[in-house]
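You will see subunit A twice below: alongside subunit B first, and alongside subunit C after that.
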Partner chain A sequence: MSADYLHLCSVILKQCFGNVVESVANCLFSATTRTLSQIVSTTKLPRKEVCVALAVLIRFRLVSFEPSQTNPFLPEYSLRREDIIFLLRHPRYIYLMQNKYGNVGASITEELIHSGSHTHVNKVLLNCLADEDVGTANAETHRNTFLQMISDHYIIKMPELIEGDDQDESVPRFQSDECEYFRHPNIDLHLLSMISKGEASLSDSKESNMMWTLNYDRFHQDFRDAIMVDSIKRKLGDSAAECFSFILTLIYNTTDPWQRKTSNQITFMEIKQTIERKSNNLDLIKYLDQYISLLTDDSLGFLRKVGDMGNGQYLVDMERAFESLAFACIESVITERFGSKAARIFRVIRFKKFIEQEDLQKEAMIPAKEAKSLAYNLFQEQFIHVKVIKKPGGGSNGPAKAFYLYQVKQKDTVRMLLDISFKALYNAIERSSYEKFEHKGLIDKSQRLDAIVETMRERGESDEFIAEIMETFTPPECEILKKVKNRIQALSKAELTLDNSIFLLQMYQHHCTTLPTSIQKFK
Partner chain B sequence: MAAAADIAQLVLAVIKGIPTGATNDDLTKALTDIPAATRVEGLNILLQQGGIEILKKGEKLIYRAKDPEKVSALPKDADNEEKVVYGIVEEGGNKGIWIRDIRMKSNLNMTQLNKILKNLETKKLIKAVKSVNASKKKVYMLYNLEPDRTVTGGAWYQDQDFEVEFVDVLNQQCLRFLQMKRENAEKKREGPLVLREMSCCTVNEVHKFISDLGVSKVNLDEDDLETILKTVVYDGNAERVMKSDGSYVYRAVNSPLPPTGLIQMPCGICPVIKNCSDCGDVTAINCQYMKDWLD
Partner chain C sequence: MAGRGRGGKTGTFTAEQLAMLGCSKELPVQSAPPPTFPPVLNKPIALDTTDAESYQLQWKEKFLNRMRDSPYYVVSASTEKPKTELKDWRERALEGLKPKKEPEFNYRFMPRELNISSRKRKAAADSKPKLVAKKKTNIEDRLKLLEQKELKSGGENDNDEAKKESDSEHEDENEADPEAALDDEMDEENDYGNSYFDNGEAYNEDEDNLDDGPVY
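Right after this comes the complex of A and B.
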């Protein structure tokens, strides 16, 4: 966790939940665990406000609590730091569901996001339906989509809170049962319609303690697969990409999707059967064996052959895959920042593992001076590293001879890039809130004006009168407003694309290192 | 005098018979009927003509016949110092020899050596070549020799200057050739493996293409083009694939990722991102790069 990430988190939380939550989270960020009284004394906020802030954070699964080791009656709170950035990915989650399940899926997702984790299924459906016309058919599609999303693991059941009786003052615990995660709830449509008409209340429904929430890991799995399939599409064409996406779905039958290094094995026969059954791509079916060997031979190294059972056993090599992709990402940053010659130097060092300056310029075919300056620049910005090998001896006859070899330490570089990405994301958010603040008067005015015009139209006032009102918003003001809107739009687009890079680099960290990452089985 | 020349021929024949070189004992054994004084006279004539050379092995002197092809091109009137220097330069071969090394080996003083070297140069017996590795370092070699690649830097150097444009043009042309090949392969629909095979090029093919193109004034050989092709690989535009017989082929590839999101905003390529924070001169609010980008 870097300071850049801390800044980013605090600005995200401030934007989503306000100042109090932000300062509570900041206080938790710097410690492993803290008790309520510690938080109160550090933040100097009223106890009540801290409690509310904690409740909000717990509700959105950003804070977890456990009884203290020394005192079972004292809860200690800890922040799930890695999860905070998920708040920025919400539009992507909704977009994915929109693509998969249409508008109904999108509105269910949105509802789940807005109400945090403590959401009862009936309430979600009710809220969704309240926005639209309530009809049985509509309610039924909502129910079916909800159940389908559970079956596809996009929605997961929250662990149940075990509350003791009144005398028991020990810290409440969550109880989770792995078999229960994706069990369908009973959704009584009749009761739903009664509730919406006001003839019954929510508490009448059974299983009212069953809470549902989004299963982030599943979403991230889809994002990850999309990255891999897209990169194959770019490099090897559409059919190869389709083939690989079938392989991925097959793999998930037997493998935990977040297994770090490699997947379990599948055989060629399995792949063939699946593709023949499900695919309409004649080209792929005809040349399947060739596409498979294309994938295994490719330098990206996504697929690896490990045996000959069943016409060949294959596994998906996540480690190699994300190593190649992270390199591609680093290289594109270098190309933009230092030019294509620098990217060439970086690749020479990467392929040669260790190389001296002299050999470097010869291999890269770059004049000595330019090569030196580029290499030093890369070194200064921590894209490459230097390994010094000292020859023993020297002693009285001058300094000992040393060799300075360039090398690439991918893990360090990735972490450095991640920090830059966090900083960039922070800057984008800061800048956009600055723009909003600077032109607050103007934005407010235009909103007020829009509201007035809207009501006037409803009242059926004459067009001339409306135009007159509109003219109070002068052309220069209009221009500035347009400019500001463009800026904010550019910044929020940048936020989304930045998150793509961050996600890729985080996947690298998950699959190629042993660092703890945000991917965790639901606990 | 004629007798001495005959004896010289006899002595030479004996010496040639022993490729490792003949000692004085060998000569006395082989030429028992010739007195020592006449033998020495014959040896002297041979030495003067440069037909043999004397080597010292331990305490003994060894006479060895020189390769007739290597018999120096030095004119007969060259003096001893010139011969010595010429010999040293000759030893340097096509890698050349540095003036300081000549001085050390010949034990001549600087002014004298300079004079001799200049003399030899005007006679077009040796030449001075500037080394690319160290621009001020001159090396000497025989006039008729082609300087080694390490000295001139190969085809990429013109008077010690690395020809960046030339390399860049060749790089682009090679890439264009690889891409053309790939496009042609994509037009034929005969399965993915055929496509891959057809988009691969050997160095030979690229060499032919570049030669036919006539972009190069100098003659490039296949090794030169291999280095160029490697730069195409290092640019990330091609892949080097080893075939089953150990030779390498090249083919054009696309990058697996679109430009990453980080570089689509100024922070990703900002040179002062390290200094960027909430306070100080570099902040997100008054950032000039950000301003230029947003407007």
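Right after this comes the complex of A and C.
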């Protein structure tokens, strides 16, 4: 974990949960585990505030705890560092659910996000139906959508609490059963309506111990697939993209979605049967074999042919796919920062693996002086590296002869770009907060004025009177406010775009390296 | 000498290596930290906002506002105080109208030490009745004892016996409540180790064993 990521986590937590939670998380970030008294002494915050901050972090699944090895009655807390950035992805989760399950799905997801992990299914549904009538078809729609989301693995059951004697309660223990993660709960609509009327309580439910939460890995699986399908759509067209999305759904029947390198094999006949059964695209059905060969021959290398059994055996090469996508992203960054000639130099070095300065300018077809300058800039910013090979001999006759070869260390370059993205994201959030703080008075005034005007319109006041009130906001103030709003909007958009790049680079780290990543099945 | 010579990789280039790479001119020496907001050389391209992005941006703003108003937004009491002092009466009145909810946690799923409120309540509930009971029993017992002793025999020995009995009562109380005794011990804030005793025999013990050679 880099210092840039620490700063980013700190600012995200401050934005969402305030400065006490931020201090406690910072304290936990710098250690593997810490006890409550250690946190209190390090942060120098009151014990009560630290307890509340820890409870908030546990509730939102950002801190986990387990009994100390030396004293089983003493809990030790550890921060789930990789999960903090998920707080920025909440809008994407909601948007995905909005597209898949409509408003009901989005409302359930929103409620699960806000209520954290220790929430009973009935409470989630009741909060969703807070302003609506419980016990009608509406409640049934909510229940069915909730169950469908469990079936599609977007919602997962939390590990169950083991009820023990009084001494065990100092550090609660949980048991998880993989078969139980997606088992449907028994949602009684009659009981739900009774609870809403106050005739029953949540504890009356049979499964009051079952808590549900969002399964982030499933959302990330969809984001990852969308990246691959979109890139094929841009390069090879809609039909090829549709074909690839069918292939992906087919491989998930036999392959773990988070298998690192490649998927298991599927045959051409399987693909054909699925597409004939499920697709309405006649063009795709007619020229399926050609679309498949287009996908296998493409330089992106998403699909690979590995045999001829069943009219051809294929697998999805995740490693190659995310290598291509990550380096397309890096090349675009280089183009924006140093120009297209620098991107060409980077590409040449990457394909040649090791290349000398003189050969580089010939291969890239760039004048010697310019090539040297661009290569040095890339080296200075750590996009490329130099390998020194010393020729043995020389002795006392003079300095030993050495060859200086340019190379691209792929993993290092990706990690460096990931750190730059973390830093940029931190800067964007900080700058946005700064703008809001600097113009707080103006923003508050405009919000208050909007509220007053709205109330006046509801009351049916005359337009002249409303215009008079509006004039209290002077033209220069209007102009400044407009500029500030545009700036904040641009920064927020930059945050979304940066998060997309971060996600892509994290996927590269998952599929192309053996490093531990945020993907942990059923964590 | 070991550890000298060529050594490992330094990560930087020598002047000779830079000359080989074609960068012969001297690099500027940096004596101050770079500016916080350096001028942008290439102005980034403004991207178009799609429907998906505008939906996400709107939702994000709403989410952050909701989180800020939620009871899970914990602000330190020390940083909150000066702000309230600066606020005028209208803002304070508005804040009074919409009080912040207390955060609700399911403490069954968390370590017991985090549940401060229940601990306090338990402690308060335990201490109160004890105090009342002590007073009542003490006065009644004491009076009865004194009456009985006055009736039986008046003398100096009676006072001694009463003292002994009251001492034994105190001992019983301490035995019945070992935690309270422990608390009393802790309250003294004394870091003196009661179990530790040094009679001074071991003083300068090391210096006598000169045969063993010097200690480094």
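Here, the second predicted complex is superposed on the first by the 501 of 523 C-alpha atoms of A that agree within 3 Å, B and C clash if a C-alpha of one lies under 4 Å from a C-alpha of the other, contacts with A are read in each partner's own complex, and residues count from 1 in each chain.
Just so we're on the same page, contacts are C-beta pairs under 8 Å (C-beta built on N, C-alpha and C of every residue); 3 or more make two chains touch, one makes a residue touch a chain.
Worth saying up front: this structure is predicted, and the values here are computed from it rather than measured.
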{"item": "Partner chain(s) touched by A:291 [first = subunit B, second = subunit C, both, neither]", "value": "first"}
{"item": "Subunit B versus subunit C as contact partner of A:500, first or second or both or neither", "value": "first"}
{"item": "Partner chain(s) touched by A:332 [first = subunit B, second = subunit C, both, neither]", "value": "first"}
{"item": "Touched partner set for A:347, first subunit B, second subunit C, both or neither", "value": "first"}
{"item": "Which of subunit B and subunit C A:178 touches, first, second, both or neither", "value": "neither"}
{"item": "Contacts of A:464 with subunit B and subunit C, given as first, second, both or neither", "value": "neither"}
{"item": "Partner chain in contact with A:490 - subunit B first, subunit C second, else both or neither", "value": "both"}
{"item": "Subunit A positions touched by subunit B in one structure and by subunit C in the second", "value": "336-337, 368, 490, 496-497"}
{"item": "Complex interface listing, subunit A residues touching subunit C", "value": "15-21, 23, 36, 45-49, 51-56, 58-60, 65, 75, 90-92, 94-95, 98, 113-114, 116, 118, 161, 169-172, 211, 336-337, 357, 368-369, 372-373, 375-376, 379, 386, 388, 399, 402, 404, 489-490, 492-493, 496-497"}
{"item": "Subunit A residues within the subunit B interface of the complex", "value": "7, 231-232, 234-237, 239-240, 283, 286-287, 290-291, 293-294, 299-300, 324-325, 328-329, 331-333, 336-337, 340, 343-344, 347-348, 351, 363-368, 370, 417, 420-421, 423-424, 426-428, 430-431, 434, 483, 486-487, 490-491, 494, 496-502, 504"}
{"item": "Residue numbers on subunit B that touch subunit A, as the complex places them", "value": "156, 162, 164, 167, 171, 189, 191-193, 196, 227-228, 230-231, 233-236, 239, 253-265, 267-269, 271, 273, 276, 278, 284-285, 287, 290, 293-295"}
{"item": "Subunit A-touching residues of subunit C, taken from the complex the two chains share", "value": "13, 16-17, 20-23, 42, 44-47, 49, 52-53, 55-57, 59-61, 63-64, 66-67, 70, 72-77, 79, 103, 105-116"}
